[in-house]
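Next come two complexes built around chain A: one with chain B, the other with chain C.
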Partner chain A sequence: MATLQLSALQKRYANGFVALHGVDLAVEDGELIVIVGPSGCGKSTLLRTLAGLESITSGELTINERRVNELEPAERDIAMVFQNYALYPHMSVFDNMAYGLKNRGVPKDDIRRRVNATAELLDLGALLDRRPRQLSGGQRQRVAMGRAIVREPQVFLFDEPLSNLDAKLRVQMRLEIRRLQKRLKVTSVYVTHDQTEAMTLADRLVVMNAGRVEQCGTPMALYERPATRFVAGFIGSPAMNFLPVTVHGERLRLPDGGELALATGLESGSELTLGVRPEHLVALDEGDATTDAGAVIRATVEMIEPLGADTLAYARMEGLDELLVVRLHGEHAAGEGSVLRLWLSPERCHLFGDDDRRIEAHHATPVTGARG
Partner chain B sequence: MRYQRPGLDLASHLLLAVGCGLFFLPVWLAFTASTHSMSDLYANVAPLWVGDAGLSNYARLIHDPVGGLGTDVLRLLANSMVMALGIAVGKIAISLLAAYAIVFFRFPLRRLCFWLIFITLMLPVEVRILPTYEVVADLHLLDSYPGLILPLIASATATFLLRQFYLTIPPELVEAARIDGAGPWRFLRDILLPLSKTNIAALFVIMFIYGWNQYLWPLLITTNADYLTVVVSLKRLLTTGDALVPWQDVTATAMLAMGPPVLVILLMQRYFVKGLVETEK
Partner chain C sequence: MTHFQRYRFTPWLLMAPQLIIVGVFFFWPALQAVEQAFYVEDAFGLSRQFAGLANFIAVLQEPDYYQALGTTVVFSLSVALGAMAIALLLAVQADRVLKGANAYKTLLIWPYAVAPAVAGVLWLFLFDPTLGLVSAALKALGIDWNHNLDGGQALLLVILASIWKQMSYNFVFFLAGLQAIPKSLLEAAAIDGAGPWRRFWTVTFPLLSPTSFFLLVMNSVYAFFETFGTIDTVTGGGPGGATTTLVYKVYQDGFIGQDLGASAAQSVLLMILVGLLTLIQFRFVERRVQY
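Our next item is the complex of A and B:
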């Protein structure tokens, strides 16, 4: 059981490249933290500095309030699951799992007992004598997990452990990892570039970009209140639509000339970015009444992607260069070329300033006219 | 590759058979010659079939000091064996560590070290033989096993081969071992050595034969018959001055000299091929 504390953690490589610009993060005991971000954002570097595979340039890393900056990976009491599993090819499954324990001088009987118990937990009992090459991808993945679990470490580190698996297996292993982590209650840090994986696994999510933490919070908090435009675009699939808007008093002027009642307190003429998720653009049927509180956008459908339960429509809105992505019901009859009337609710809008930071806005409710 | 052409099959087999025959013929001639008595050999043309003096010829060579050499063939074989094994094992041990250092450790001038080793590929024994002789003489290693082995013990070829193999080992494997608490020596012993055992076997075969076949160097530094190697002795047997060349002894010694390398190949053939064509991962 362990807590993990990162204070102003910085990593600068010998060639001068700064991979981490002072990362602060506190991981609670038993928590599963998922670090997510595009490739090259420093998430793997961060994990590797936690593991001790990369040195820390400045800042402090503590596990259970013990400074571990200078400790070797083996002395940090962590276990890591690698993307390509990194199983020892010449060792049996049993030996793969036992190797770390052997090196620590755990007595033979203990090793056997612990490996067998872990194998039981992961359903690997029948495979203990096999070599890694005789196993399927999913089985190797489980052995890699087993190798981590059997050590009973303070912290688990996962480096994109599911990205080498096919889609179906990935979902299955995702659930398995979640189940095991809850059961073993081991503090975990999980790195992935797959935002679905991130959303579903995380107790708390850390979104990284260019060596900095953009935002940290529960998956739903990040989904509902992204702190920056980057987070807004990264969390959620398909990605959020962004529209350039101009402040006009207590209203915003949309690219197509329409207006939306949303008070920002900024002076008129300020240019902002309005974000709205594809699932929050509501397609109105003919005759549906609209309220003052929102704006209606007209957009011509250029392409349709039926996904079954939902249909994604890529639609052209006047005054906007990019296509608007709209998530419609699977049964929606929109065809290519048809015009959608989309209701934009102020409650569902996110505003970002020119520094890409979130701006809190107040939507005026039509009934009272007061700021909410 | 297989083509559905019986004629092609037949022709290739025929060609193979002829090739084998050509290579085998001298060995066969040497073998038959070694089983005749000296008078037989000088009275007739080269015999194509075995004679009746085989056992006595070999027994004499093994038990009694050979004329002109001052030692028996068993001693020669033992000397060759010590030298070949010393060179093979030494080369592998040194290359293994050198390649390990070059691939897995970051130290200043790492690249330079690698290229320095690599350049020595261009400097075989023959090129540096005078300074090497000087050094070995100064160290009083003439006529000794270390003198036979040490100057030949470094190998750029083996270092390069092992380096290429080590480079194919995924870095995550090294990291996983670090997290599992394996220090550098333990990683070498538990992970790297088992993974490179087929490469090592292949290198052993090549280096053993290289060591066994050394001629110029042992010829230069051994004057004492106690350190004479079997390959060098063959030439000595031929220089008899006015006396007749004892062909039955020469050929029998040659047959015996062929034994150990052939045995090494037969025993390690499986690993040898595996080590050269595939990397186990």
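Our next item is the complex of A and C:
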């Protein structure tokens, strides 16, 4: 049972590089927080400062309202699962899990009981005498988890624990981590660069960029209302389409000359970025009615990526340098070279100013569905 | 297969330089030594007589031989363990240094570039009873240093010089071994509640064991054979045979005493001894370093 509080946490390296620019974050008891961001955004550094493997330059870190800035990793009562698992190669699975308990002077009988119970939980019972090199990737991963769990720490820290596994195993272990975390109710901080992993695991998601927290909230909140253009582009796959638009009174002028009714309250001529997700561009069939509230974009399909359930179409829109990505139904008959009529609903649009921050817009008329 | 059969002679051609060197400088003299060990030769090398095992029996009945054996055991153990322990300590320290690490490493590796005889002379000057800096300092501390008279001091001096010479070699390997240990293992151990001392003995040291084993074999061979130059320049085996190791005795009896048969018999025994020692190391120590 633990809460974790980061206040204006800053990390500056000896060479002057600032990896963390004052991070604020409060982690509730039993919560699974996922920190996600591109490589070099400071997410691993943040995790390492929580673990005590990196010193804190300024700011405060508390676990259960106790300041731990100056404490050694061992004194913080945390456990960490490393990306490369960091299993001790010269020790058996049993000894790997028992090591932390031995160091803390837990009686032998207790160690045996606790390691066996954890091994049971993780289905490692038959592997206790093996060495790490005799295990598969998934088994090593579970031993690494077991080593963390057996200590019954206040906080779990995960540093990209699934990135060395193949795709199928990753999905499986993702579910297992989620299940274990819910069952053990241990406060956890999980770092990953994989946004699918982040979305599926997180109670709350923290998106980091260049040493700063861009946004923090539930995965769906971040998906539905990204606070910055960076978050908008980072969450969701394939990434959001961005279109440069100009304000014209209560309407926005699109790159192809079309207009969209969206009131921003900004003066005419202001240049904004409009974001729309591939799944929110609706392909219209011939004769589908549209409402005044939306805009229809015409785009020529240049490439098709069939994924089975969905098909991704990369389409050229007039006036836009990049290709639009559109998520179509799997059965959609769009062929390369065909022209799509895409309906852009103002409800589904995200607007970002030139500072890349979200701008709230008001769409006058309620949208009536026109799904093809 | 057929592809490679066309190149039947090329592999031999490519290996020839190494094979010729090993053949001329190792197998040929070694075989000659074995042959020589069964003959008695006159001092001028003009005639010789087959003597069977007489050379071996004479050597094994000689008290001096056992003294040299004892000296060798003390000397080799001290040199091998001392050179490894000091090198490990220095490597661990150098591994922790962030600034100027390369300068430290270069300085620590330097002694390896010094020839054994030169290293010997260097230490000889430092400890010279009348001129030496160290012996003067020792005198000031009330210790009367004279390795020309005191056998124990003489042995200590050649051990020191030999350790100093070998330490660099061990340092390089230990440092490489330390750098091959993933940092995350030590971090995991730190989180697991192990202090620096415990981390070293339960994680670092066991993971260095392949390196340590390799160095144990190399250092044993070094202490047995390659310290000849150091001993020759520092003490010449004296005083009173106190620093005469087996390999030095081979030289003394053969090239100074001109008793080639006895010398050859000793070198054959020495080869057998080192062979056995290496075998033991591989059989019993290597088994413990697998992980």
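The definition used in the following text is that the second predicted complex is superposed on the first by the 365 of 372 C-alpha atoms of A that agree within 3 Å, B and C clash if a C-alpha of one lies under 4 Å from a C-alpha of the other, contacts with A are read in each partner's own complex, and residues count from 1 in each chain.
In this section, contacts are C-beta pairs under 8 Å (C-beta built on N, C-alpha and C of every residue); 3 or more make two chains touch, one makes a residue touch a chain.
Here the structure is a predicted model, which means the values were calculated and not measured.
Participant: With everything superposed onto chain A, say whether chain B and chain C fit together or clash.
Facilitator: clash
Participant: Under the stated touch criterion, which partner chain does A:296 make contact with: chain B (first), chain C (second), both, or neither?
Facilitator: neither
Participant: In the superposed arrangement, which partner chain does A:239 touch: chain B (first), chain C (second), both, or neither?
Facilitator: Neither: A:239 stays clear of chain B and chain C.
Participant: Just chain B (first), just chain C (second), both, or neither: which does A:131 touch?
Facilitator: After superposition on chain A, A:131 lies in contact with chain C alone.
Participant: With the two structures laid over each other on chain A, which partner does A:169 touch: chain B (first), chain C (second), both, or neither?
Facilitator: Once the two structures are laid over each other on A, A:169 reaches no partner at all.
Participant: Tell me which partner A:100 touches in the superposition: chain B (first), chain C (second), both or neither.
Facilitator: A:100: touches chain B and chain C.
Participant: Looking at the overlay, what does A:89 touch: chain B (first), chain C (second), both, or neither?
Facilitator: Both: A:89 reaches chain B and chain C.
Participant: Intersection of chain A residues contacting chain B with those contacting chain C?
Facilitator: 51-53, 72-74, 78-80, 82-84, 86, 88-90, 99-100, 103-104, 147
Participant: So in the complex, which bits of chain A are touching chain C?
Facilitator: It comes out as residues 51-53, 72-74, 78-80, 82-84, 86, 88-90, 99-100, 103-104, 131, 133, 147, 151.
Participant: How about chain C: which of its residues touch chain A in the complex?
Facilitator: 182, 184-185, 187-195, 198, 202-203, 206-207, 209, 291
Participant: Inside the complex, what are the residues of chain B that reach chain A?
Facilitator: Residue positions touching the partner: 170, 172-173, 175-182, 186, 190-191, 194-195, 280-281.
Participant: For chain A, which residues count as touching chain B in their complex?
Facilitator: Touching chain B: residues 51-53, 72-74, 78-80, 82-84, 86-90, 99-100, 103-104, 147 of chain A.
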